[in-house]
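You will see two complexes here that share chain A, one where it goes with chain B and one where it goes with chain C.
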Partner chain A sequence: MSKTKIVGQSVHRKDAARKVTGRILHVGNIEMPGLLQVAVLRSPYPHARIIGIQKSRAEAMEGVVLVLTGAEIAAMPDVDPYFGPAFKDQPILAIDRVLHVGDPVVAVVAVDRRRAEDALELIEVDYEPLPVVLDVLEAAKSGSPLVHQEFKPAGVFADLDHMEAGEKSNVCYHFKLRTGDVEAAFREADRIFEDTFTSPPAQHMPMEPHVTLVYLDEDEKVNVWTATQSPSFVRTQLSTTLGLPMNRIRVRVPYLGGGYGAKLYGKLEPLVALLALETRRPVRYALSREEEFQTITKHGAVARLKTAVKDGVITGRRCEVFFDTGAYADIGPRIVHKSGYTSAGPYRIPNVRIDSFCVYTNKPPAGAFRGFGVPQVIWAYESQMDIISRELDIDPVQFRMHHALEEGEPFATGTPVHSFGLKESLEQAAEAIEWSGPRPQNNATKVRGKGIASGVKAVLTPSISGAVVMMNSDGSVNVLSSTVEMGQGSDTVLAQIAAEELGVCFDQVHLVQPDTDVTPYDTITAGSRSTYHMGNAVRMASMKIKAQLFGVAARALEANLEDLVARDGRIFVSGSQESGMSMRDVFLAKFGSLGTTIIGEAIFEPRAIPTDPETGRSEKCTEYWFPSASAAEVEVDLETGQVKVVKFLSVGDTGTAINPRHCHQQLLGAAITQLGMTLFEEMVFEEGQLLNGSLLDYQIPSVKDLPEHFESILVEVPHETGPFGAKGVGETGTLTVSPAIANAIEDATGVRIRDLPITPEKILRGLAEKDPKPGRAEVPQ
Partner chain B sequence: MKQEVLLRVNGRDEKLFLEDADTLLEALRDHLQLWSVREGCGVGACGTCTVLLDGRPVSACFILASRVKGREITTVEGLGKEGALHPVQEAFIEQRALQCGYCTPGFVLTVKALLEENPSPTRAAAAEYLEGNLCRCGCYPDILRAVEAAKEAKD
Partner chain C sequence: MKSFSNVNPKTLQETVFLLKEALQGGESVAVAGGGSDLLGMIKEERVAPDVLVNLKNLESLRGIEESTDGVRIGGLVTMDELSRHPLIRSRYTVLAEAAGSVATPQIRNVGTVAGNVCQRPWCWYYREGFPCFKNGGDRCFSIVGENQFNAILGGGPSFIVHPSDTAPALMALEARFRIVGPDQERWVPALEFFILPEEDVSRENVLGQDEILAEIQLPQVEAGTQSTYEKVMDREAWTHAVVSVAMSLQIRGGICRKARVVLGGVAPIPWHLPGVEQMLEGNRVAAELAGRAGKAAVAGAGGLSNNAYKIPLTEALVRRTVLSLGA
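Coming up: the complex of A and B.
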């Protein structure tokens, strides 16, 4: 491949100046005459029947325009009162029952937010409490209280075709993988290791909470401005919800104040669209931070691993993973499928049996979160890799290297792996932490240790990205893409790809922000898929423009097509001293007129072979893999149990880095979030009530939580079909953080923590159990 | 009950009609359309709505507008002169100290205040001062580099 000019350069973000001045557009900044605001009355019970709602006093309040209940929505002709990406299980407002604390019950629309909130206090709802199920393992058992009496598939996404309607169970999806004979492996094993690892529900915490604005334009079209990562899906959802053709709904997305998976699929949009249609006025609903906690969470999970070892080699592994998807499935089933099939690890294990379950409970719904369930399973298998290697007295890095899959070898699903920089990532992580170097020094009360972990995630497949690229007669370019710029830098990377392919300057490429009237379908902005999928679509569309430009230039320059190159906004014969033609000249030669445009469009839609419903096997379950490794050095205070991460390295196989500096930023940013998830983040529930549902009580990492040494390393194993060899990187840095730290803590203290987050209390308890000494300080339970 | 409140914002006197319960955040956004001031938590815990009050960073969501009459309020809209960016803003761009950018105005103002109080903070001192501003994209390493760069620009 010839050397690239813009791809591979760490050009600056397109949106940086607008962000440091605060001028960037967010949904919260949009002004509109007569704009109304929303407040929502939410359930105080984790599970209850709604007996009656009295709302007339609220309706009579000055400034209140509308008070709406779920029963009224259910009675509306043409409106589908239920929504959801996997199952249609979530009512726009609760209809007859509430299923978690914070479930929306009554919506008030008023002239301002304060009046809407005041009106909530005038609404009375009578509830009859119902039996509650909160624990994921209890919920999965037959005979436990049912969250849903039945569930029906939404039928929107091709990769969720295998969702089945069901009833009389809280398990709404069960993924199975069967490779080899795992029972025989256990019979023949020298050693069997059984461990259970847990991860709690947690918060995405985008600094911008969910916000949606809907108005009807002069053509009565439903116009939606919303902070979503999935504009195309939102349009489809609203079309179903409202019973309107897709071209009567326009979804636009400005810049997002963070997403991390929280802003996927339908969230506030069905409700706000109905409120705008009912009031015939513009309506905005901006969630408070407290409501954010009740709207979407990261899946809590319990993973049980049973691993057979013979002659120092893993011969079989059984994984049972229970994902707590809360009261509504959201995208839980896809998480259970995609992370489920990776839960035995990226290792050569001949006999594997995996069962992963998507389980309803009476908690707030859980959905996609940066890493998509994979950090929860890597937490399990990478903790156990260390437990086994320590027990067998084998070096943990060597133990992983021995089992790590290599190019072309089959994953547990049977899919051969390609562009699989797992071993390289492990080697780089080990070298950077000086794995074979001397042990770190301890002192009397503080001990140090090192840990390492590796793992892999597979990109969602199949999925679809469409792009339209439009070149104007001055050589400037508009890229029409539904990829949402939420901080990850997609505007910049896609512009780099278009500029490289078209041979124009980076500054000449402008990204048109998602607008379903204008930008083509894209599955989602999530799952580390945009650089690869939308990048390929933009590149293919650019190639079509280039073909037209070259056709004109070849005639004008009397040159062969294959000798032409485009660079710096000009087209010329490769190797010739002639300056060739400017884009303007080409347009004049083609059209004889300025102001004209050439358009290229492309749809990139890599396919998968669906995993077999009984064996989970597929010759191609994913388009690409992104391996990760982390290395940590920790210092543990034996008196307080405090963990300080002294040194942390995040290593990721990104394929060719389109913008290396931004890849580093993705790896480190993801790692910081996951440091929080590892050491302190947890939504704490008591009888279904969230105890820490505000930023006063729920802590996320601040600048003071940064490790002293904190670096990232890119392993660039080019992907054959990636745009210029690129893969994705948004989630890579989350994958292996937690087990690397837990492994370092065991190295330092001998204490093995199996339940996230790793709090000082758990470490002190572990130290006390390991070495019970009279007189040791009381350990809180 | 609405009352007339005189606020001094970005060097201008602004006469607003506010309710007693209106926060400074509401006054700046809803009445003056200063969109850089954004609510992140509503309880003064995330720093996203940071403004400078007589040069010191405060959370605008947690202060009643009527309590800061006549005091000097600065938002990022008030930074920079004649269209040029403030050196702290330049440093944030140069060091790529942002991703989604939602928290960025709060960080820029806090760093400006830090460097005015302490023109040459250590990394630890900078981290201490910035602890109340949260960035979920995790740009902290880049933000600390931006502090260094802005510090040098001032030298």
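Coming up: the complex of A and C.
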């Protein structure tokens, strides 16, 4: 294969100049005559029955246009009052019950936000409190209060078509994997390790909170401008919700101020679309930061691992993982499925039993979060890998290397792994942290240690990406794609792929922003899938254009097709660039007219073999894997419990890097996200009410909290069907951060932390338990 | 959000007159300095004033001036100004460091010293609107709740901690506050400004509703005095102290002549430690003394279910700070 010209180059982001000069379009910036604003009255109870709502005083207030309740929505003909990507379990507004503090109850539409909010105070809702279940383990027990009485599968995604109505329980999905005989492994083991690891609910904290604007155009068509990562899904959802044909709904997405999984599937869109239809005016709803916490969260999880070891080798592992999906399942079942089958790790373990549960509680709904549940299970298995190797006195890196799967070996599901740079990532991480070097120096009160972790996530399969590529007669190109540019750099990478394939300059390629009237279906912009899936679709569509161009050029140049090359906006016989044709010449030769276009379209839809519902096994459970490794050096202050990450390396197998700088930025950005999850972030609840729902009290990392020495390393193991060998990289950097830091902390202090986040409080407690010093101030119980 | 009227008085006299008039008319009042905390509290309905008195036009409350008595700091001086002022940095280091540790650059640009000193608590239960003592309710939710940041000293019936960084520094510097009311003005030592919940659970200081903390007077610093502010935070920026120590030591010939030690983040008010000061004064500053000072600092401290870690943390921080100033 000839060397690529644009692919592999760290070209500058397409949107950089517009972003840094504040000229980029966001939904919040769109102005429209007569635009109305929304405020929503939310439940103060974690679980209650709605007895009655008095709203006439709010309706009478000047400036208020509409006050709408869930019961009114439920009575609307043709409107489906429930929505959701896995189950139709979420009402647009609460109908008869509220299921979490912050559940939307009444919507007010007014001429401005202030009046809409003031009107909320004039609404009275009578509630009858109902039994509440908040703890995920309690909720999973039979006999616990039920959050939902019935399951209604949504039936929109192929990978979730095995979802079915179960018996009455808060467990809305149970993934099982059975390989070998795990009980026999425990019977024959020399050593058995049992540990429980927890991750708390957390929030995505996109810079731009959710925002949706809906208006009816001159044709009464429902036009939606929304900050979503899944425009195609939103259109499907609205079609179902409103009972309208899909072509009567147009969903457009400008640039997102970050997504991280928060902006997937339907969120505000069903409500705002209804409000626009009811008022016949443009309506915008923009969430406050406080509402953002009540709208979508990261799953809290409890992971119990039991591991059998014989002769220094892991022979069996049982994983039980409980994911707290909150009051509505959102995409929880998919998270439990996809993370479920990786729960035992990317290791050669002959006997594995996994049970992973998606559990309803009376907390805000949990959905996708950068890593789709996998960071929670890696937190467990990579913490335990270190516990075991320390206990057995085996070097933690060697212990992992010994068990790491290699090309072609079967994963726990039975799927042979391909393009699996796990060992390479581990080696690179170990080398960069000077793993075999001397121990870092301690001083009297500050101790240092090193830690390492590895792990893997699989891409969501099956999923679908469609692209249309249109070349204009001047050689410029429009790429029509529903991939959402949310900061990850998809516009740039897709343009690089199109430019490379068509032989035009990068600057000649323009990405048309997602618009369901224009851009074809794409499953979601999430899960590290766009470079591979949309990249392949764009490349295939570009190939179709190139075939037409070459057909014309071959006749005009009297050349063989296979001798032709497209490069720098010209088509020529290999080796004689001067005598070739410009794109303009080719278009003139084909059409005899300028202003003409050639269109290529393609749909890329890799398939999977569904995992067996009883054994979790599949010969192909995923299209590709992305291994990750992290290495950390920490300094722990023994007297304050403060952890300073002195050095951090984020290593990822990205496949061929289309844009190496972007890949580095993704690995580092993702590591920062997970650094927050590791050291600071936790949603703290009191009886279902969030206590720290503000940007001051809910602490995300500041720039001062970043490691002094902070680098990323790309391991490029090409994927045979990736575009130019590329895979995804969006989530890779999140996967292994937390256990690498916890392992380094144990290395430094001897204290093993099993519950995230790793706060000074936990470190000081751990130190006190490990080494209760006489004379130390009494720690009362 | 409730409607309120906003007034921008031009003089201190006008300000306190407006406050008195509003209160006599049965209206509730709030005073805005920088407004960085107050506006959020109004939007979240923690406070719902009828009249908001904005001090932004009171030029007399600005500026830092040196005099023979020491330094005068206007109540509207911002955290940023304090943290950068050469005189404050060199002679009243603890105050510059405390002001520089507050929140973020944006907040330090607008937040005032009087506002920082009079800041309301940041206990989660209070800010989330639970019916706690500070919200006019009848209990402290932290006692059996999420109390990892709550008081280990001076608590009861409320276990809030005072959030101010500059208040412990001003106490350690023996500052005096000029308080202006409609009928009188008075000078109150910073060390006597704050009141415990057991005395009055509804407020944190002696300031009347119709009074303004107009200016702060710092005394001259005696030769050989050094001061510093040490603050432990969960993250490195934009958060309150888990524990902080404001300390000023006058050391001559290795002997501590005078000590002022005040803790932040551990009690419902900035926590003055006269016992520790006496222990330090007259003695040679060394590891042994620092260790005893640390222990004495937490004598009588008691933890709730999740905040006992703050006791050894405070002990260590006091010990370290003594040693760092004695070095």
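Operating definition for what follows: the second predicted complex is superposed on the first by the 773 of 781 C-alpha atoms of A that agree within 3 Å, B and C clash if a C-alpha of one lies under 4 Å from a C-alpha of the other, contacts with A are read in each partner's own complex, and residues count from 1 in each chain.
As a working rule, a contact is a pair of C-beta atoms (placed from the backbone, for glycine too) under 8 Å apart; a residue touches a chain by one contact, two chains touch by 3 or more.
Quick caveat, the model's predicted, so the values are computed rather than measured.
Student: Classify the contacts of A:Glu614 with the two partner chains as first (chain B alone), second (chain C alone), both, or neither.
Tutor: Neither chain B nor chain C is touched by A:Glu614.
Student: Is A:Arg13 in contact with chain B, with chain C, with both, or with neither (first, second, both, neither)?
Tutor: In the superposed model, A:Arg13 contacts chain B only, not chain C.
Student: Decide which partner touches more residues of chain A, taking chain B and chain C as the two options.
Tutor: Comparing touch counts on chain A for chain B and chain C gives B.
Student: Go through the superposed model and pick first if A:Pro701 touches only chain B, second if only chain C, both, or neither.
Tutor: Touch status of A:Pro701: both partners.
Student: Please indicate which partner A:Met207 is in contact with in the superposed arrangement: first for chain B, second for chain C, both, or neither.
Tutor: first
Student: Go through the superposed model and pick first if A:Arg114 touches only chain B, second if only chain C, both, or neither.
Tutor: both
Student: Classify the contacts of A:Glu578 with the two partner chains as first (chain B alone), second (chain C alone), both, or neither.
Tutor: Neither partner.
Student: Using the superposition on chain A described above, determine whether A:Glu720 touches chain B (first), chain C (second), both, or neither.
Tutor: Neither partner.
Student: Could you say whether A:Glu639 touches chain B, chain C, both of them, or neither, answering first, second, both or neither?
Tutor: In the superposition, A:Glu639 touches chain C alone.
Student: After lining up the shared chain so the two structures overlap, which partner does A:Glu218 touch, if you call chain B first and chain C second: first, second, both or neither?
Tutor: Once the two structures are laid over each other on A, A:Glu218 reaches no partner at all.
Student: Considering each complex separately, which residues of chain A are in contact with chain B in the first and with chain C in the second?
Tutor: 114, 694, 696, 701-704
Student: Quick one: in the complex, what on chain B touches chain A?
Tutor: Residues of chain B touching chain A: 19, 21, 33-43, 45-46, 48, 75-77, 79-80, 85, 89, 92-93, 96, 98-105, 108, 126-128, 130-144.
Student: Which part of chain C faces chain A closely enough to touch in the complex?
Tutor: Residues 1, 122, 124-125, 127-128, 130, 141, 145-146, 148, 232, 234-239, 242, 295, 298, 301-303, 306-309, 311-313, 315-317, 320 of chain C touch chain A in their complex.
Student: Which residues of chain A touch chain C once you look at their complex with the stated criterion?
Tutor: 114, 117-118, 445, 639-642, 679-680, 684, 686, 689-694, 696-697, 699, 701-705, 759-761, 764-765, 768, 776-780
Student: Going by the contact rule set out above, which residues of chain A touch chain B in the complex?
Tutor: Residues of chain A touching chain B: 12-13, 15-24, 26, 28-29, 31, 114, 204-209, 255-260, 286, 288-290, 486-489, 661-662, 665, 668-673, 694-696, 700-704, 706, 710.
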